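The first chain written gets the first letter, and so on, giving A, B, C and D; residue counts start at 1 in each chain.
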């Protein structure tokens, strides 16, 4: 099959290309970039040198010849292309936020005015472990944000306790810098990042409404307080969720194990760390309980560019196309 | 005056020596080490080469000739020396946990059997911003733990709200590796730390009872849920405290500013980051409020080896000796 | 086919297992470890969790049931096992130094007394780009050291100039810490490595005779002066070779391109950097010439655990077994 | 005395301000910045918050009221201001390259057209360990480049061997990113730097003629081949100089010790590493000799922002003003 990455010059685009080039079902990969149109892809993504001799083209709607199109565009731009692609019968996996939040008002509060609200209902939130069946039937998949992927996967199993738990959960997350993209800025300048622990958007990050919106489908009334911190690593998100509840009634780890039974990309571990999932599509989750405080602590770790972006997008593509879900995602985490 | 560092070969001991060597009131500095007795101090602390030609000696109680003794020993060992030093009239600043928790039972639950419980009452918790007057009169100062220093300073101003706030506060902290000491272990091996975000002792860290014990003096009934994560940086602690309360009634930042008015080493900033305090005795605190969730977020940043250990110990020495509190602590944070 | 990794608990062993588990021709993978015998492999290599349910066994010569055995043992231990394995008809890829240097005297000068010198002649130096034909016929392959891999590949093409160049070449290399192994030591303690640039064994590193010995086959009289520096990164070797010669007579980059024409894992690039080869079997080489000084500069970059160890070992296995040379080595470097 | 930092918003400017604020002879510090004029200095250099309440002003020649002016400007801009300052009787320490190379032609080959060549002869190269007497009498000091500082200090003692050594020396240097300044660029983006070893300007770096020009004063005919590599650390330069010579006739380390006898900021050590000099004005030098190859290896380590820039500038100011040379430079390297 043929895959096209629209906006392929960023970090997420590069990771997508890396994965698609080794995907057994993908026979042809294309990439567009406004800025780099005409240049060899390996000039921008030098790691792909020798493995891919394609060039970036300019995106032209009429010329799209692909079974699946990945939109790796900034928020607000996907919505300009998605409607006609869907109309044309092309399967779309959108890596921007444009179709993640089904509620227009809520979306517009955090982002921009929506240009194709009619598609919102049709779009499926692409978290396969929770919405696999819907994704299989979807023609437009909204690939989740990186923080929401980590947080939602570690909170969803708590729906069993929704009536007894304190619904005000706290999500304290840490992220590497690749999630912020390839554009040089002062706050991503090496000298400013190295050796620093730096909180940002500590009360108003746009991933907060996304988490809350999705989780409320399972746990009405849930309130998510979200605070991210930028860490001096390149890849990896670690997400600590603190919840007050008398969880003592069950074996929490066992419950999580049952909830994710058979899931290829979820591992319930003793202590989740980002290093154990690097460059893989795994989400590691560890489950802790402080009996004295009735505090549950749910830690999840992902590679933000894989399970938090490009890997999950390929997982969604696999579902949409009817392939085996882990096709092309067999790469094991490297260590050390 | 003469200062002696007992157990001077670790990271905290080295930092103490570095500070004491440039302290205007300190005319003589000694250091003991069982392991390195007889070697030049600069052979172990090579950064001090050329600046200090003393040797490590063996600790001998009878031979102590110092006005102030710093005990930079592992927990459980300070209590073997402190009683006789105090008896002798020497001022003691203990950097271990041995005298931090005034409640023997609570101490023994987290540490070991106490060998000089009679001194617990006499020991003063060495957080100058909160207990300055007591420290001035003390002959035994229990220098606070690194995590507690950061956490307590960011929580103490909330005592004003103790009747209206949810007393179950969550402290989600991140630390560099120097806090774990100079002894090589697998979990501190460079390959395991670099690029990793790694939670540890997520519900049972020994600094939790210390925080709670001290804070309850001001806020009875306070419950602290504490989770630390090891970060791939050498120095720095960042502490996020999440508190549910309708703080809307006051200007929180102003309140913190008033609370710490005139404090030389506390800076109320927009967003606390570890980089801005590195190698200095500052504790930066930023104050945030999520109106929608009634969540207060209090972020503090310290250098764990300075304000979190050796710097604060010198600050305590200054108080105990009647010097100006910031004597020898003028070093500004370096950047970048 | 069946593969066995003897000494599988270190970093090189773990990387080998990671590669073999995804190798299309390998149907069965075993691992031995004296220390961890009886434990699940994923307990030690947690990145492999969920992907491999084998346990470490104790190595027992009589019980070896494998087509290829990888010896990932410390120097001096491989020579105890290799002779009987070879005798038995098992193909051996030895990742230690034991069979790299064909000259017993030279070997013993840098390492230990050799216990099976009779095998030295039979062993083939496993640098496929230079000795492919011999490797295909070998039953014992001596997998090259990490520094020698990078250095030799960047120097070998200079054999054309051996009569006109200054034969005293300088190899100034930089390495990440994973090459030093998984055992915690003071010099690999995170606090000592992070932020540090640290030369070591600057005139007497054991890889120097290996480089010289192999290169002299092509360039008699060559003298290699080798100095390594430890860098605060986990993976990667960068090797700068400085050579005085009037190279102006040719287009050096073109010459290197011709020399390595068709080589799957060699890329001649503008400027070699370690990041562009991470987690891959590539060796990137860049070729520079300072006309004014008649100085040639040849920079090579590899991932020390892949092309510098486990990846090259798999490449050698492929040759020995008659498979396609890049089988199981398709993983592209990740970025960023 | 009064000091003014012209161009005070960069990393070098910030470091200068940090040092000057704690300098016992400096009673007043000013800072100019075109970009940040009118803003508090601590808004840009947040580490200085609470320690300095000055604002950046616009540079106005007529208004300069200072005993010493530090020009921390990009190359090509200092030469616009220096002439009139000198004329005015103000002492100038220029941290740009504008007056480092006494040969106009050579300067213009690497930089730009010189606008005040008449001052070149009057300017003194500010490497106190070599040109102390001239600096004392100077009114315009050209503060050396960071790489040249490290290289020249490790090569100068070789002048004794200038008739017997191979005059083609190789300088293979490694640097942290702070030397490249505070302006965000793709090559200094955290994701591109972290985990990478990246050579740059490998044959044509502008510091090469500076090294050669200065060293030739002592060693006519010397040829320096210089190659720098960017390392994922913030501060620190490590410089390896390789020289072929039969040095066996002397004890090299002793010779270096004698050469730098009494020098406050030079330490001859076993192995120079950047960590041991961080945040200090030290230059550590280690001396090695490979007897078999007749290769001398001279390794030097500095903090590029201190001994490689701001610290050395203060050292020069002290000389120019007749203060004790180490005034305000007592800060010891921090560790770890």
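Note that in this section a contact is a pair of C-beta atoms (placed from the backbone, for glycine too) under 8 Å apart; a residue touches a chain by one contact, two chains touch by 3 or more.
Just so it is clear, the model here is predicted, and its values are computed rather than measured.
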| item | value |
| --- | --- |
| Chain pair showing more contacts of the two, B-C and B-D | B-D |
| Chain at maximum distance from chain A, centres defined as averaged CA atoms | D |
| Whole-Å separation of chain centres (CA-atom averages), chain C against chain D | 39 |
| Chain B-chain C separation of Cα centroids, rounded to whole Å | 46 |
| For chain B paired with chain D, centre-to-centre distance based on mean C-alpha positions, whole Å | 36 |
| Touching two or more other chains - residues of chain D | 11, 178, 182, 191-192, 194-195, 232-235, 275, 278, 336 |
| Interfacial residue positions of chain A with respect to chain C in the complex | 11, 14-15, 18, 21-22, 45-51, 178, 182, 195, 234-235, 267, 269, 275-280, 282, 330-336 |
| Contacting residues of chain D [partner chain A, same complex] | 11, 177-178, 182, 184-186, 188-195, 232-234 |
| Complex interface listing, chain B residues touching chain A | 168, 170, 172, 174, 191-192, 194-200, 202-204, 223, 225, 227, 229, 231-236, 238, 240, 242, 244, 271-275, 278, 286, 288-290, 293, 295, 297, 299, 301, 336 |
